[in-house]
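What follows is a pair of complexes built around subunit A, which joins subunit B in one and subunit C in the other.
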Partner chain A sequence: MSNTLRPYLSAVRSSLTAALCLENFASQIVEKHNVPEVEAGNTKEVLLKPLIVSRNENEQVLIEGSINSVRVSIRIKQADDIERILAHKFTRFLMMRAENFVILRRVPIKGYDISFLVTNFHTEQMYKHKLVDFIIEFMEEVDKEISEMKLSLNARARIVAETYLSQFV
Partner chain B sequence: ALEKALADPPYGHGLDAAQSANAQLVSEVLMATRAQDINGVVAGLAEDSRDVLLKYIYHGLARPAGFNCGVLLSWHERVVEAGGLGSIVRVMSDRKTI
Partner chain C sequence: MILLEPNSYVLEETLLARFNSEKPEVVDITLVDFDNVIYHVQTSAEQRTLLNLSVEMKYFNEVCAYGAKSILQREYGDYLVPVANSQYQITLQFNLEQLPADKAGLAKHVSMLKRNVLASPFIRAFEYWESQQEGAGPLMATHYRENEAIYVQAQQDRVTVIFSTLFQEEVDRVLGKVFLQEFVDARRQAAIQNAPQVFYSSREAPLEIRHLPGLRQDESVGYVSFVLFPRHFADAEVREKTISQIQLFRDYLHYHIKCAKAYMHSRMRTRVKEFLKVINRAKPDRTTAASEKRTASGRYFRPQFRQSSATSPQQVEGEW
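This part shows the complex of A and B:
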């Protein structure tokens, strides 16, 4: 099962690198406006087909591209209720500080846990390969973080329960 | 066998049954080839067939319930190695859905 992780990440990496070919595109509807076309969705001809790369039913990445922006949505593996709560709190923490992240979207796309929005302005200021590295590293780290949080949660709960119940022994 | 399955895909809307049947067929062929033969098969494909194969791979990856993602991901790696990033861009920009 874990031997699909490496091909999964390399597939996401290559699809993302291919989708991140962005150029400036002023809005065709309103003069002097410049909007990320994947978010506005008004001009159909500049939108690319969305690609989904999935490892299994619980882990998926949706890559929606357009001429000047790419939206990457990630579904994190959540095996049970505790992991669902932890993932939800963790992603909420990150999304509330989306301004500092620059490429993070404040609200995830329906069906996914976290979404990134990369525009041509970001690719002009930052290295494309570094952006891709960041997103792939994020995908690897978030699973580790959540299992780490779950372990520490269980350890803390055990210690608290022991010290509380020891007074009744 | 793979060339036959990739030739003349059912493009267009409203052809769901034909598209899913064709996709299942392609996925069966992909699963049947052994891991060491994948490189040879991909090298033998023409460029157009390689793009169509990549479209089928993405079609299968989008439906993890019905397709074996592990096999599809290993094929994806080889096909992109052979076709480069351009093949992925061609899949994304082509309006014809398989």
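This part shows the complex of A and C:
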């Protein structure tokens, strides 16, 4: 199934690079305020059409753009109970440290597992291609990490059971 | 260490320290063991050379019905006090001046107290099997923890031990299912084909105990049954080992579930650090060459960070 991974990631990468063309936009509603328009959603004319890149129905990326901010939401593949719990724990772990990550949103969008919010201030302060790199690498790493944790959990369970039962023999 | 020890190590150490000390000092220590067993080590009020060990075991009454008192008498008869202190179920008294030569052995023996008391239903089941009576033996229940119990029943060719265990959290439940599934599947391996057979059901109680009143049968409860075959308890030495091992099953399982959670936590923390490194690469930092620009007279240029309003690089007096 990994033959769909490369085109999926390259599609996300090019969509993100296109969406991340941001410029400063002062709020039209309140004077002297500067608000990420994709979060506020009040000024309809500066919001772009949301775009979904999906690999299959379980893995999707939603990109909502606007003139000064972009919201990227990712749905991670969760095949069974264990993966669901691992993905939930992992994303919660990351979201609690959202301050360190700067572009991470503390709460994901409904229907997705984790969300990023990139504003024009971020693109001014950081390299744009590196930001896109981070998001793509994140998507790859999360899948890898979850399957590794599941494997190590199964291996651990096997060793625990063996050690216990071999005491009786 | 993967396996849990059947004796209480902390109790052994405490007693050994008291036995070996030169001068009997006044002590009042409370220790805890698995399954809500509390030990209270206290110097007797009347005589300083007498050391009292009181044990609080809420399920002692149940276990007495299975012959725990006779086991206590046999193992610790010399030290047993007929009537225990208030709120405690068992009291042992040691005279520090009249201890046997092997103090370490005595301390170790006493630290097995809980194991020996909880062994009583098992020993009774094995004796029933030895007597080769017809039909199944009595079903012995021990509610050693709140909401959790061990059921032991002897039959003509086997002894069944059923654990009911409670998982408080959703994560524990899922992890518990993974671990218990491995227990069930472990017999497929050649090396441990002779191990007891394990069955697991996540909500419904097994047939043997379904008739009991007051059984919890909701999502948070799991039932694990062990079928012990004669080879596990026919021989006396093997019997003792089996009893020690099987008592600790529930604690062993929950201990390893917690270890697995801790391991996942540390893995996630490492991964988060890696991600932080990647995102910090996105921030343009001042290269070391730039921050060490200096003029011919030895003064340094210190460029301001981009986002603040001041734009002119400051000049700083450098070391000559």
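Side notes on the structure shown:
As a convention for this text, the second predicted complex is superposed on the first by the 164 of 169 C-alpha atoms of A that agree within 3 Å, B and C clash if a C-alpha of one lies under 4 Å from a C-alpha of the other, contacts with A are read in each partner's own complex, and residues count from 1 in each chain.
One rule holds for everything that comes next: a contact is a pair of C-beta atoms (placed from the backbone, for glycine too) under 8 Å apart; a residue touches a chain by one contact, two chains touch by 3 or more.
As the structure is a prediction and not an experimental result, all values here were calculated from the model.
The superposition on subunit A brings subunit B alongside subunit C with room for both. With both structures placed on the common chain, the touch criterion links A:T4 to subunit B but leaves subunit C unconnected.
Legend: residue contacts after superposition of the two complexes on their common chain; A:Y127 is shown touching subunit C, with no touch to subunit B.
When the two structures are aligned on the shared chain, A:E140 is found in touch with neither subunit B nor subunit C. Superposition on the shared chain A places subunit B and subunit C such that, viewed from the Cα centre of subunit A, they span 140 degrees in steps of 10. With both complexes placed on chain A, subunit A has more residues touched by C than by the other of subunit B and subunit C. By the touch criterion defined above, A:S14 reaches subunit B but does not reach subunit C. Once the two complexes are laid over each other on the shared chain, residue contacts for A:Q167 go to subunit C alone; subunit B is not touched.
Looking at the shared chain after the overlay, A:R158 reaches subunit C, while subunit B stays out of its contact range. The superposed three-chain arrangement places the nearest Cα atoms of subunit B and subunit C 22 Å from each other. Taken together, the subunit A residues at the contact with subunit B in this complex read 3-4, 7-8, 10-11, 14-15, 17-19, 21, 48-49, 51-57, 60, 65.
Those residues of subunit A that touch subunit C in the complex are listed here as 81-82, 85-86, 89-90, 93-94, 97, 100-103, 125-127, 130-131, 133-134, 137-138, 141, 145, 148-149, 152-154, 156-169. Considering their complex, residues 58, 61-62, 64-65, 69-70, 73-74, 76-77, 80, 85-86, 88-89, 91-95, 97 of subunit B touch subunit A.
If you check the complex, the residues on subunit C that touch subunit A are 2-3, 170-171, 174-175, 177-179, 181-183, 185-187, 189, 191-192, 194-196, 198, 228, 232, 241-242, 245, 249, 252, 256, 259-260, 263-265, 267-269, 271-272, 274-276, 278-279, 281-284, 306-307.
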